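Following this message is one structure expressed as structure tokens.
Going by the order they are written in, the chains are A, B, C and D; count residues from 1 in each one.
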Amino acid sequence: MATETAIMVPDDPGHAMRARLVERFHRLRSRSTALTSRLSDEDMGAQTMEDVSPSKWHLAHTSWFWETFLLEPYLPGYEAFDPRFGYLFNSYYEALGERQPRAARGHITRPGVAHVMAYRAHVDGAMERLIAACDDAVLGQIAALIETGIAHEEQHQELILTDIKHVLSVNPFGEAYGKAEPPSVQPGPVAGWIECTGGLDEFGADGGGFFFDNEGPRHKAWLGPFALSTHCVTNAQYAEFIADGGYEAAGLWLSDGWARIQAQGRLCPLYWRGAPGEWREFTLHGERELDPSAPVSHLDYFEASAFAEWTGYRLPEEREWELAARQHDPQATRAMAPDGWLHPSAADQGSLFGGVWQWTRSAYAPYPGYRAQGGALGEYNGKFMCGQFVLKGGSALTPPGHVRASYRNFFPPQAQWQMTGLRLAKDV
Amino acid sequence: MATETAIMVPDDPGHAMRARLVERFHRLRSRSTALTSRLSDEDMGAQTMEDVSPSKWHLAHTSWFWETFLLEPYLPGYEAFDPRFGYLFNSYYEALGERQPRAARGHITRPGVAHVMAYRAHVDGAMERLIAACDDAVLGQIAALIETGIAHEEQHQELILTDIKHVLSVNPFGEAYGKAEPPSVQPGPVAGWIECTGGLDEFGADGGGFFFDNEGPRHKAWLGPFALSTHCVTNAQYAEFIADGGYEAAGLWLSDGWARIQAQGRLCPLYWRGAPGEWREFTLHGERELDPSAPVSHLDYFEASAFAEWTGYRLPEEREWELAARQHDPQATRAMAPDGWLHPSAADQGSLFGGVWQWTRSAYAPYPGYRAQGGALGEYNGKFMCGQFVLKGGSALTPPGHVRASYRNFFPPQAQWQMTGLRLAKDV
Amino acid sequence: MATETAIMVPDDPGHAMRARLVERFHRLRSRSTALTSRLSDEDMGAQTMEDVSPSKWHLAHTSWFWETFLLEPYLPGYEAFDPRFGYLFNSYYEALGERQPRAARGHITRPGVAHVMAYRAHVDGAMERLIAACDDAVLGQIAALIETGIAHEEQHQELILTDIKHVLSVNPFGEAYGKAEPPSVQPGPVAGWIECTGGLDEFGADGGGFFFDNEGPRHKAWLGPFALSTHCVTNAQYAEFIADGGYEAAGLWLSDGWARIQAQGRLCPLYWRGAPGEWREFTLHGERELDPSAPVSHLDYFEASAFAEWTGYRLPEEREWELAARQHDPQATRAMAPDGWLHPSAADQGSLFGGVWQWTRSAYAPYPGYRAQGGALGEYNGKFMCGQFVLKGGSALTPPGHVRASYRNFFPPQAQWQMTGLRLAKDV
Amino acid sequence: MATETAIMVPDDPGHAMRARLVERFHRLRSRSTALTSRLSDEDMGAQTMEDVSPSKWHLAHTSWFWETFLLEPYLPGYEAFDPRFGYLFNSYYEALGERQPRAARGHITRPGVAHVMAYRAHVDGAMERLIAACDDAVLGQIAALIETGIAHEEQHQELILTDIKHVLSVNPFGEAYGKAEPPSVQPGPVAGWIECTGGLDEFGADGGGFFFDNEGPRHKAWLGPFALSTHCVTNAQYAEFIADGGYEAAGLWLSDGWARIQAQGRLCPLYWRGAPGEWREFTLHGERELDPSAPVSHLDYFEASAFAEWTGYRLPEEREWELAARQHDPQATRAMAPDGWLHPSAADQGSLFGGVWQWTRSAYAPYPGYRAQGGALGEYNGKFMCGQFVLKGGSALTPPGHVRASYRNFFPPQAQWQMTGLRLAKDV
């Protein structure tokens, strides 16, 4: 890669900023490919259900994003690596034309992995040239887009892991993505409640650092007093819910959720195996015994809601979670370690961010005053504000750059393949 | 019916209250059957899509409701009219056992209409005996249940009309439910905006009069300043949206809505017929020319949302609507006239309640502090708090008892067969 | 009806033929309506699965058939009863334009039953006028069409009973179509084999009497020696197959059949209720104990085939059945008695026609030299020659006019709602 | 591979036979892998529709077949390469237990291609040891099984090509499987008719050489006089059918076929691209202009049947085809050249075997006297005798060992991805 020459431009007044951008860009891109280093070409091409995209597709799509939103508009003379890639690797941008049907991403045997890697190198080189050589005026314009691009590719880093977990899980070989052991944990404090008095407060991103458009605008809202559990619900607690007949008690379930588990004959979370008393679970480190004190994961919204109902407590509102996090866990970060442990563990219980994405009972809706931005990028968030719920926190797979109190993740209630769990709330 | 003897109990200290209850009950029940007086037995048995229930089923289900929640627990020695009816006419109460699948309500050829009418008479007689003869202590208990039963049956009165409209519409005969002409309208004020300053306020039912559990508890919330349109969106405005390419502009639509109209090849609201420039619509009074100044109706949420996007305004929040109604239309009532005009008209534009149910962008969720009540009746509202949107107002088919600012109607975003439209909102 | 004047035309040389035609027509039409005399309007309008048509639809469709193929072409000045009926009551004739979707026949609440009866009377009167008053030349032309129309309406008489059985069966009331008791039976001969030497022979209709186009042309074919069982497989034998694990033994089933019972969790024939050892079955005379020596009925092809495999024998070829019937049961007739017993009984075991339609292993295909006739009537049989199997014999619901050795009934292998069973065959 | 030592056993009396078997086995196996030599690992793993299996799966499944039916029963001490492969690579043998769902064969990312190649080598070595070292008595037993195994793997060689064509076709890159040009053709004789007098004759395999169980038993049947076209229907003729409105004329189509093209909006054969007047087609050699005189291919049964109806002729019976082939093309062979031209061409018109599999109007049914063999291998053919049609001939992808008059290929009527066309027939 042409990185070194690109950053050696001593007379550029924005030199340091350019150097930092190039370095962050380079680190981001390397991390994405590093995540696939232990996968075969076949692993990287498979799509095992409609929600899952092949790793190869993620690597190509993120490159297409840079090409489409940065290189084509801003790098003079840039030539697309392959004009057919716009069709193959556009995810959902209607404004950018027709695209490969989502359910058929696994049909893309060509380009192959090596070809996609060449695509990445091509884009990397061009991005480095763009950052190094653009006018200062352009630099100002593109800096924000680059932040969006970084955040976007980090989301896909999480998806690469989430999706390959599903691919490996449906295979009777049950092979691990990688070897690791969970962090050892000192016996921590017993679970309790974090109490918040609520009142009139401000919510949403406050303008410091990058945030997605759906995190703003910052706005006032009133909250009554409430409490959140200090700990996420554990595997042991969820196993007790099952043992107590949770999946047979219609009264605990939302109507759609009850219909769903009846139709599917479901009796446990997505990756649990075995039977009551001897549950095991499939993880990126292979099938393992259930850790009783780790947060339960891969619940859909209906399971989270039924569990909360069973306890007599409830799911939090998204603003309750945000307020508690700002007040009680302001320094939270979470390090995703590609060579490390990629599963929720008891060690995650120390933070509100907790090792799992936590379902709230807040439907994903625009904040007061929200308007989607113009252009194709305006499709990024706004058009999905229907039929989904907000999740707060961050999981064992979430890149550190995504750990902040205002972050709004969102999925439809039936999504189970994400690393999702819950934290209880109550009125006080 | 044994009405007269039942209310002639002079020594009863609750005499007047009992008499009023019996009279209201009797009026309610008569109105339900009156709504079907012009329908044939075949009209009353057909189910033309899963959402639609046969009129006969509505008449029987509402009777089952009285039998199950009032007569069996409170009338000593009451014998069910037919124990098999519990299976046939339970709508969705899991706590009350197995039931006829919703999609198979049209398969119930037996009992026939006459048999269902006998069921109604049996229940009517027993209810009148219960009201007339129960202890005062019991009277206190059942009075609230009776209010719920009245509200429940009134909801089904609206559904009888909503559903028979669909039945008649799919028939090539296109016959009218009844003959009527729209009210004549004096030219009213030009459409404008109702401005509200918002701030911290209280929302939800205030405890005066009957309300459903989902309308409470009353709670504080903060609203920024906003304005609502004085008029609902009209047929003429919606036709202009279509003519302007509204159904071809992906950027206006929520992602799920766009997928839906693409898959269905939809180009207009459910009951519109013809083509741009010569639209007609099917109404309960037959197929008619479109009234340009009447509120547009039978939009799904996606259509309402896309229309709002096209105008540059937005849909209201449910609390914005409630606040505006309390401040600007506190005396609203709306008379449903079974022999009258059963379609939105320009005359409805004078009130916020407006002739159509108005989509808000608020997902149907529990109010702060809400807990579903215990027992089977606890299934009434809570278990549907997922995947639906709140609608405010009331339609040309809504019984007067349902017209209040705190009322929360709710339907999934794809529902079109309800009499649904929209009112625009904006931030100020 | 104008029957009497119509047949009182003494100078007409075709007088007797016309009189006979009118009388047969009249008897046919009366029998159709008599079949529905004990049904309510709601019974007559319901469609409980796609294969089932409402009784009312059958009554109207058969009238449309006369109107379309006889009255409109041949009765000068004939005016259609209602031009919209062509859309509603065309079954599948592409050449005759668009029609009500098959799955939506239950949506036709209008015209009502009384209106359909008026339609029948209108058609009856016109048909009688046509027969009485047409030229002799026309009489020759229409006589064959009238035979087709009679055969067609007789098929629908069987379908009226077949379909109403399904309608009544899905109702928890389980009511009977009518009361009757099975014929008493003298102990007959023990089941044995009818042996046929086969050889080169001729098959198909021989031109004596009416036959459908698919029964011809008469053609040569070679058969090896074979034997057919004298008796149809009985309920007792089929219960033994179930008890022996027939529904769990993949090796007995055709691949599609095994997939089907696995997906549906099926364990017994369509109308059987209860469990091994205490089977009952739903009949047009209500739910009854299984008669062990009556032919088993309502099997699909896969069940018939698996049963045969279990015995080590096989299903017959259609020409084997035809040859055996011509040689061993040449005088067979079967009387359908609308007030009589409408279910297979041990008394049916005396004839090859046997009380049930008997699955053969012959796919429904054109006989050598077959060409579909021209015009819309050409769609009657030819276009279904794909994916179906031939059934021979006739059931307890089959009108007598349909009992002949050359008759080829046909249904897809998954059809269960017809009164279908089997007779075993073997090579000798 | 241990081939050489295995065949160097001079004292073995069955020496020559063993050597020939090993050599044939070795050639077969090499050809299978050679077919995939130009494919990437990703090409070999993809499943682009349920009917398509990944190349990798074919390579593994054929190895599993040898392992299951030859090595495990007959090679003492044989150890399965990997016991989990039985689940992954069993195609449809119920008697051999649970297996990977057919629609999920593309989910098998592990074992990878290299692992499957190691599996093949393991099986190859063991098979060579078995052939070389077994007792003479065993040799007699296994020789027939080896013939079946060879025929089975040859079928999968054809499927490897058929399936990879679909994989390549759905990719917007439209890349070719390989480069080749069609054989040049001398202007041949004009198309005419091959007349056969028919009569009583014998059909089915006559016991010389290998045949599948479904090709027997040999049996007598009578045929009337008939003629078959000397040429298969060409692309030019099919294009004329389209231009003449063939896909809009309901009267030409079987009912199920018409419903199918209406639902799918189909207007041409599977791999045709473009529009009338400028048709192109996707082939294993990339997208090319249509060759007007080559046989049309990739028709389903409905298209073949509608085309025949349009001409006024008909599809052949399977025995007509067999008789004509025995009488008029007794020496036919067809060389599949992996490096050659893999598409029907005008040069194929010289033989009845014709470059395409030719739909007959004969449903796939057991021949008189047919009994499926015992054991798991009995599932090979018998359980599919329902809902499929027989095809005769052989295509440009068919291995030479499959070219014989008695061969009965079979597919359901909607199958298009096979290289299927038609030859016309008529009565004379």
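Keep in mind that, in the parts below, a residue touches a chain if its C-beta (ideal position, glycine included) is under 8 Å from a C-beta of that chain, and two chains touch if they have at least 3 such contacts.
Each chain and its UniProt protein: A, B, C, D = Ergothioneine biosynthesis protein EgtB.
Fair warning: this is a prediction, and the values are worked out from it, not measured in the lab.
**Student:** If we look at chain A and chain B, which chains touch each of them?
**Tutor:** Expected: no chain.
**Student:** Within the chain touch network, how many edges lie on the shortest path between chain A and chain C?
**Tutor:** Shortest path length, in steps: 2.
**Student:** Taking each chain's centre as the mean of its Cα atoms, which chain lies farthest from chain C?
**Tutor:** The chain farthest from chain C, judged by C-alpha centres, is A.
**Student:** Per the centroid of Cα atoms for each chain, what is the distance between chain B and chain D, given in Å?
**Tutor:** Centres of chain B and chain D (C-alpha means) sit 61 Å apart.
**Student:** Taking each chain's centre as the mean of its CA atoms, how far is chain C from chain D in angstrom?
**Tutor:** Chain centroid spacing, chain C to chain D, equals 40 Å.
**Student:** Distance between chain B and chain C based on Cα centroids, please, to the nearest Å.
**Tutor:** 47
**Student:** Within the complex, which stretch of chain B touches chain C?
**Tutor:** For chain B paired with chain C, touching residues are 40-48, 56, 84, 87-88, 100, 104, 106-113, 167, 170-173, 175.
**Student:** Given the complex with chain A, which residues does chain B contribute to the contact?
**Tutor:** Per the stated touch rule, the residues are 92, 94-95, 200, 219-222, 224, 250-251, 253-258, 301-302, 305, 317, 361-363, 365-366, 368-369, 378-379, 383-387, 413, 427.
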